[in-house]
Amino acid sequence: MSFGGLMALRNVSFDVIEGDIKALIGPNGAGKTTLLNIVSGIHQPDKGDVFFLGEKLVNVAPARIARKGISRTFQHVELFGNMTVIENIMVGQYARTRSGFLSSGFKLPFVVKEEREIQRKSEEILEYINLGQRKDEPASNLPIGEQRTLEIGRALATGPRLVLLDEPAAGLNIKETRNLGEIIRKIRDELKITVVLVEHDMDLVMSISDSIIVLNFGEVIAEGTPLEIQKNHEVIVAYLGEEEEIQRGYNAHT
Amino acid sequence: MEKAPKRFLVVLVAALSVFFLFVNAYAKEPYRIGALFAVTGPASFLGEPEKNTAVMLKDQINKAGGINGHPLEIIIEDTKSDETQAVLSAKKLLENDKVLAIVGPSTTGESMALVPIMNTAATPLLSCAAGAPITQPVKDRTWIFKTPQYDISAVEAIYGYMKKQGISKIGIITISTGFGDAGKKALLEIAPKYGITIVAEEKYGPKDSDMTTQLTKIKAAGAQAVINWSVGPGQVVVTKNWQALKMGIPLYQSHGWGSKKNIELAGKAAEGVIAPLGRLVVWDKLPDKHPQKALLKKYTQDYEALYKSEPGTFGGHAYDAIMMIVEALKKVGPDKKKIRDYIETNIQKWPGTGGIFNMSKDDHCGLDKTAFEMVVVKNGDWEILK
Amino acid sequence: MLTVFLQFLFSGLTVGAVYALVGIGFNITYNATSIINLAQGEFVVIGGLMMWFFAESLKLPFLVSVAFTIISAGIVGLLMERLTIKPLKNPDLLLMIMITIAVSIVLRGILMFAFGKDPYVYPSFTEGEPLSIYGAIIQQQTLWVIGITGFCIILLFFFFKKTMVGKAMLACAVNPTAAKLVGINVSRMVMLSFVLSAVVGAIGGMAITPISLMEYDKGPMLAVKGFCAAIMGGLGTNRGAVIGGFIIGILESMTAGYIHSGLKDAVALIILLLILFFKPAGIFVSKAMHQLRKF
Amino acid sequence: MKKGDLLSFLIFILLIILLPVISGSTYTITVGIFSGINALVAIGLCILMGYAGQVSLGQAGFYGIGAYISSILSVHAGLPIVISVICAMIVAAVAAMILAVPALRLKGHYLAVATLGFGEIIYIILNEWGPGGPSGFGDIPHFGLLGYTIGSTTGYFYLIWGLVAVVMLFSINLINSGTGRALRAIHDSDMACNAMGLNVTALKIKVFILSAVYASLAGSLYAHYVTFISPSSFSLFYSILVLMMVIVGGITNLWGAVIGAVVITVLPELLRRFEELDVLVYGLILTLSLMFFRKGIVPILIEKIKKLREFAVAKH
């Protein structure tokens, strides 16, 4: 993948095991979001492939990828700000309904039934992510923490097999982050949905991930369990920078 | 609160006195006719003089004692050159103002839109637009008349003159509006009858600023003359382009050319331009015994004194329509059916601004090519060609 | 053959130059505000009619008339911005555009009231015989129109690239908040952009009136054509508007010449649509640049 | 249907039934007829712009297609009018699809120009090849159904406003359904819609088609009412007029489209007394109302009613 001659990702290859929480970490500009964008179809790679349940995802439209079962959240929250909380969740389920223009306009019985079903299920999801109380508020009125949770709820509403979370803890306080961790774990354990997570909050990453990949300058520099990653020298260099490493060495000498 | 009755009384007295004044001044109830003109919008070059004419005639007639003592009331509505507005205005005149007859509208499209309404309302319409379909077929247009000459008559006048000049290959250039389109159809239709071949047929939009391309094409096609059929600034631009290109072939214009304003705008370029014009614009060059001369002179001079501009052919259409209705009212009174019948049967050898009218059961216009004179621009003035 | 072709080309250049100037007018306001000012066509009309008023009716000397015309157009632009655009705090863009349409209706009403419905004309800037190039004829005024267009473009280029005010105006376009932070008076820049676009429009009007005549309701047609020119080249780039204007003008003239004059507007529009479908942000705007803009 | 919608709808139906009875003058009813025709076009544009966030300056094109196709079919092919009207709607739908597929990739001003271009091309086609050319063509039959012709003004009023009611009902249902939600979602964020698996392009195209079909229906009704049509009624001017209706009425509310259509149609009638100055007064009223009622008439009314109600509740 390259942007205007700038190589954003190269030779990146990894697998995600079904039912895992996989974290993608790396310094700013390492290419994490780009990677998510490639998987969800927003960007097309110059070279290489993405496979999901045995199907090739390259050159497939984002909406179709979503319908195949990959759902996501965004680094900069992309809620439907003019709609209420529950409506946001309900939109998430629309792609799986049969209602179209004519059937909706004529209000055919099956449309009414589907709508009732969506309503019920949306309330369920809101309870699940602890937003049941705020269901009729405009989404843009929520504090950022709840907006991020709502975005996750909306991603779940599409009925995915895999959710991609792009920095879900950004801007959250410690308590909110802990709640978030709970929710992500519940997604894996109770809903059996695979999670790929891009995150800077190392406490969160280390506490919930089953495995971690580290990217730097568009390349994978390490892969393994949280424990392995914490000890990896290259990762420390990437995060703290070469100079600081030398500095530290110099300090050690004196 | 207690002041209210007193105030009411004052108002009542005032209203009553106004009413009695009114009744005293006009012992008889007024005859009310409607007028629909495109005072604004793209066809305002038609509507403006028409409206002025209507206002002027109303004042003149009332000053002279009205129609058999009945004052004449003309309610003028602006159709904004738009068919929908024409329909609405006509409905208002018929329903709210209960008019005896309607003069106008100014354009063919607007007039066509009113045909079913006038037939249903059984009220005469005297259109000021030229299109032949307005009054044809007459059996479906019982209540519809028109005062402008047919486009075909203007074309016949041009072709007749061309034949005398030995011109047989022409190029035509028309404006892409109803006016130009009607002209184009007439030009194409009767060309064979006069042995004329149209070697190039061009168009331009009403707001176009340069027609040299079209004229160049006409010249390249080997035409011996150009006919431009349009109204508005387009005819001046064509004239200027024609001169700039030094085309070397004569330029003919439609009867829309009949305004001194065009000569002014085109300046020297207008020299030598030929057009079939109603006698209104050349009244001062007519022989004194011509039946139209007296009325043309009076109308033009009155109009110019009042509005400081010339009425042009189009104001004359409104003049003819109003005068026909006035004459009918004078003879048969305020009865729509009788007005219609009077106009159809009694407008015979009737001199108007547009020509000598001869209405009949089969012709609700009553003019032919003799309504036109071929006129050339010479030294910034009109000159009748023989 | 060459003669005929050249004649078509000259005709296209004449018309195209005017479209280009109107297109540039659109760009000036767009660049400072993202608004498409649909009263731009009325500015052109004001230019032509006021010039007639000063030069023909008041019989003022030529240059004085030009100066007065420019000043009066500038005042109209200023009033328009102060009365209708400024009072609205962070309004919806679509609403603003509708307001400019409403203002154009008002301006047309005033012009009709003041000048009536007749067309006006005054003599070319220089009297004399048209020039002949390979047998094709080019009127002196056409050269004036093209020359003035070129002059305006060069002047605007230096204004935006070399002067502080010009740079400040561009800054407002790219990021009004940041511009405000570095001390640029954004409100004044917006006002200036309206004045400038009115002046550019009026200059176009002054130049074409001897060729095409001018009447109160010529504005909408010019606005539509100029808008198409600006879009074809890519909104915001003056180079685009100029080339877009000339392309449309020449396309119209060539279609009239070689296909049929009834279709000249249609062919120009179809080409415009095709360009948009393949290059959704116009010829000279890259996709990345386009994405920076909300509209 | 929500409670508020139901109430408005019932009031609406009542008004439709009563208006001709109260007014008594066919002039007023005729103004009502044109308001209704314009309302149909405005409702379509309102869904397109207010709900799906797409601009169109080409509605006059579809309006013209409706008028011309159904007139040509009923006059020259002798088809029953209902069939001609439906055929016209199909043609408009196909035209909308052909335009929408490439055009809806554009946004903002570029989309506006693409639709404007489309509308103008239709106008030129009607001018060049339409029956009668720029002069237009007449003697189009009045609307009829099963051998019964609707000739009276009142009959036509009920026909048109009955259709407006049906279209309104359909549109309200649509807006309040899952599909309507999806449309509003497009308005907010294309990217998120994609992530939700919504086929944004297909939805946009469908709304565009819907608005075209409404406009086409309105055009057919116009043609069979006036019985004469010419291209000048279907120019860019009309597209802008409809846009004005939607904005003045309030773009975020379907009732806004109806109210806006009525206001913009009635306004010039009220301004007749100003004679030639009416254009100026019309422009001034538009400018001021756009500046001071920025959200549009209906949303502002709703706000006021809400405030009144809150005030009343607070008083208790």
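Residue numbering begins at 1 within each chain, and the chains themselves are lettered A, B, C and D in the order written.
Operating definition for what follows: a residue touches a chain if its C-beta (ideal position, glycine included) is under 8 Å from a C-beta of that chain, and two chains touch if they have at least 3 such contacts.
Owing to the predicted nature of the structure, the values given are computational and were not obtained by experimental measurement.
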(message) Count the C-beta contact pairs for C-D and for B-C, then tell me which is higher.
(response) C-D
(request) Quick one: report the Å distance separating subunit A from subunit B, using the average Cα coordinate of each chain. (result) 74
(request) Averaged over CA atoms, how far is the centre of subunit C from the centre of subunit D? Could you give it in whole Å? (result) 32
(message) Please tell me the distance, in whole Å, between the geometric centres of subunit B and subunit C computed from their C-alpha atoms.
(response) 36
(request) Could you please state the distance in Å, as a whole number, between where the Cα atoms of subunit A are centred and where those of subunit D are centred? (result) 42
(message) Where in subunit A do residues touch two or more of the other chains?
(response) none
(request) Would you pick out the residues of subunit B that each touch at least 2 other chains? (result) 40, 42, 176
(message) If a residue has to touch 2 or more other chains to count, which residues of subunit D qualify?
(response) 127, 276, 279
(request) Counting only chain pairs that touch, give me the topology of the graph as line, ring, star, complete or other. (result) other
(message) For a test of understanding, state which residues of subunit C touch subunit D in their complex under the given definition.
(response) 30, 36, 84, 87-88, 91-92, 94-95, 98-99, 101-110, 112-113, 220, 224, 227-228, 231, 235, 262-263, 265-266, 269-270, 272-273, 276-277, 280-282, 293-295
(request) Note which residues of subunit D are touching subunit A in the complex, please. (result) 170-171, 173-174, 177-182, 184-185, 187-189, 191-200, 206, 210
(request) Give every residue of subunit C touching subunit B within the complex, in rising order. (result) 4, 7-8, 10-12, 14-15, 18, 112, 117-121, 123, 130, 137, 139, 208, 211-213, 215, 217-218, 221-222, 253, 256-257, 260-262, 265
(message) Residue numbers of subunit D touching subunit C in their complex, please.
(response) 49, 55, 102-103, 105-110, 112-114, 116-118, 120-121, 124-125, 127-128, 236-237, 240, 243-244, 247, 251, 276-277, 279-284, 286-287, 290-291, 294
(message) Using the touch definition from the top, list the residues of subunit D that touch subunit B in their complex.
(response) 25-27, 30-31, 34, 127, 133-136, 138-139, 142, 151, 153, 222, 226-230, 232-233, 268-269, 272, 275-276, 278-279
